[in-house]
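Handing you this structure, nothing more for now.
Order of writing sets the labels: A, B, C and D. Residues in every chain begin at 1.
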């Protein structure tokens, strides 16, 4: 009944096993380890992108900030949804790393629409040297509201950005969950839909702490490496990052872990709707249900852990996140206590 | 025979065991885990500093850059040895995080002296608003040259800095090795010698990847937290950092690991001197020996791995680093092949 | 008929005379000129603030960016109106200098209200270390929409900010015009209303190029000086900045120049309203009138210069700015051509 | 007898006249003034560089910092002489604007030599991602020691930099004095000698406050404009910058002013040598003489103003700078008082 965040889960057994194996003997440091070569091959293969480059860091904020800084000049505006993680939950890390400015684009349920993006694009960079220039686009999938962009929706947004020659970033802290929810392939969700750089999340989905920055335009790889080092994000014992990412991407583990998280998310959605809760669209592993007041205390007393959200008089709202380690038993106990 | 760096070693069994234990069940994220409270208590106890605060990151560059940024304004000069890690091996991370400027202070064998520091202090900040101001002092112990400052030597340097009201930082990437080499207590080597903030290394000495920033002046702890987050260095599954540091500091593990590394370093020093190599002062686990030309290829053929350094005609130089996992057998095979 | 901006006017004769006089002989550089002492005395006297400090720069963007950087940490949020000059017209200078993030606060006619500010204050800094912290308040008077805050309105907003211990900045690029429009004294409009730091505009109101940063809390003066130098804004021949500001503040020149600009602004307002144009509230020297389509081309043909703004079908909008050098003849020719 | 700095002089009559003329009527702001077009044409003509771009700012520190930031990435090292103005007298402005690191290159009398530059180039950027990369070269002419590089000397240094594909900057705060001292043409001293970007000084040589950033590679002009705005250095009443620079470059005024300064400098050199002072090489308008102790007080009592420098026991040192407004009478009175 621990639904506060998927990052309150531990690491999956396969990831732990990979750490143990990686610990044997001596290994070259700072990313020159043999496992990192295998990670690159896995990424290229899985994303059908034989030229792609990937670099590893340990936090999602680092991945996002480095991805943005590598693609947007200090005088650029980064178009992102009003409540994007990069805007609200990273204490200004993207601005710190890039110098750029976030341009908040409204949209329902965590999603920018072509209309709101077009409006933001039209009103930014129109005052010559006086205002920030159009810089890049940053989307999140799964979104911060628990919804999911389809590849077609992403392509529609990146097309608007590309008309201004803007690079496009996808914050994929829950990328595997988005793939599972849509059935899209990694390639369809990224470069085939106009994404130039991906933050490929591992931590929330069963790793200890590893995220990839995947460049579909490999020309910026050296700049990314320098920015990573300069940000203090180059691990000396890098083998432990490589090992996690290798195990994560091998044999579909990442998708199996996400499938479990999503299935438990859907079990929560269905069970809560059965019990007259309102549950906005939530196709992956995160939901923001609303119900009649009085449940919070009961659920908490029963041992449930999750975030309470502000709600209208007489109502209660919550954020619930299922993870790779959530079980049917967890969900069912929660629903019983509801 | 892997002497390239102590960061080519893996993690000690006790650290791995702690990771495995920490992986059980759910835990609060972002530093609110229970183990972090125990880490704080351990640090306060070991350093005899009941008010000290500690925050964890995963790389030494992050620890140094955050420590400096939290104590030096953008217009300050950071006095450090010419070849300090912060100056040569962090790709400008301290400047990126702080905006400050490094003022390179000369000194033999990796060590600033009171004379060279006094000279640098006298010639910095004397031109009013036109030049950078005196900002802070940053020392490294074990130094980048493998030598060690005694607490008295540190105190002599910090006294000069304190006369200008400057905060003093110690880069302790190999702090445990310095303690073992000098017999000093953690308190003697830090706050009792005028150190305000310590980068407490774990990674090189048997952890996977964890470093502490220890504030002996706790008033800046919240600023440090904000800078850590803003730099992308706040781990969501922070329990894995806490677990490493807890195990590292528990029951003297950190000192036992460093003692082994130092002992193997001294075995190398003695063995090489016996074999007519010149070995400058090297009381810890890192040495820069020089010998007659012709050894490099032979040693490499025998399987030895280490860095070659430029040397005069007819001579060869090397950097050798022993680690917690170096064995007497490793050393002896190296000496035999020499 | 040049109404594009008050910065398309030249400098007033008194300012030119002061430049000529300042040019005689040799003078100490970098702000140590004798005239600067007189400027400080003038500011302290005029603002009834015997402790105030003032430093001079040449552009409004520099004044704003330095004022903000000196009062807001990199992890702070600067609360400002959505269309504030600092947000839209400085290409990110405030962020560049401070590292801080602008938090856009909505409000009609260029003005933040206590309700919108309270809302922004309530939803910023509530997520602990994850989001930017409440940093400071920045208001503009005359606002970017041509409206004016009264001292009471400013006090109501700063009181909300002060409840969170936030410093308060006033962008007074058209400060003299705001004084004239409200009849407030400089003290009433600033420190008596809770303002800690003022950008005191000179350029738009008859100077060649000079702006003051006035600190009512003088403790940050040295930091401001260092930031000014570091930003490249410390003039070597500073006497020419001092001379302008001294002449500007002497004998009420600044208020006379602003009174002329405002009077011409009001003449435009009245004349346009007489001619059935819609003119939103515009008590100073800048107005945004709307009229039936067809006027733009006629006015332009007659020699009028101003900015066209987007308008609904069948309508036209304009921004008109009167300056110290605008004459009744200019206004009347415009109205005749209308 | 005011020899403290050439920036303690006022502005030349021709510059003042140009300011007065520019003040007539209305003019477009922010660099769109007609005079700026003429400045561009003048620069292209004088430098025999029909593609060159120039942008104006008001201080030398701004010109240098913007020139460097526009040509060096944040992870680059800027090679400059140990006592370069950018290193010692700008309070970190180049680092603030660029993020880059200054690499101090030793050299006698203010001048880098091919040998010292080659050494610095060889030891920077050799540690892969761990250290800053080779970024750019920045020279000063007239140097901070009062010496002068010939075009051939500059070419020898830029050739070393160009071998690493590094852009080359010339800090020409006293560029006209260097031209006069060497007899070189503007083109010979800049792009023909491998210079890509020039800080073209006006302020010290008879202007109120104007410096040009001249780009011989015009592709970076838009970036320079954005950085200028973002730094708060774009003047609204830009006509006053243009007017100064236009007058300065018209009809050889800049060279006549510099010729007078240099002639007075040489008169000081000769007169002091006649009086047994030691005067190191000083071919332009700045000298650092040394003489037997006892003169300082006498000269000061006679009304001389200049900087005292540290000297050996029994000796005194000074910095003397002649300017466009220094007269033979000034020099002769000084020599008489000596």
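As a convention for this text, contacts are C-beta pairs under 8 Å (C-beta built on N, C-alpha and C of every residue); 3 or more make two chains touch, one makes a residue touch a chain.
Not measured: the values here are computed from a predicted model.
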| item | value |
| --- | --- |
| Per Cα centroids, the chain farthest from subunit D | A |
| Chain pair, B-D or B-C, that carries the greater number of C-beta contacts | B-D |
| Length of the line joining the C-alpha centres of subunit B and subunit C, rounded to whole Å | 50 |
| Distance between the centres, which are taken as Cα means, of subunit B and subunit A, whole angstrom | 34 |
| For subunit B paired with subunit D, centre-to-centre distance based on mean C-alpha positions, whole Å | 42 |
| Interface hub residues of subunit A, defined as touching at least two other chains | 74-75, 90-92, 96, 129-130, 226, 229-230, 234 |
| Contact footprint of subunit C on subunit A as seen in their complex | 74-75, 88-92, 95-96, 99-102, 104, 127, 129-132 |
| Complex contacts: residues of subunit A adjacent to subunit D | 30, 73-75, 129-130, 133, 223, 225-230, 234 |
| Complex interface listing, subunit D residues touching subunit C | 2, 4-5, 7-11, 16, 19-20, 22-29, 57-66, 90-93, 96-97, 203-204, 208-209, 226, 229-237, 239-240, 305, 325 |
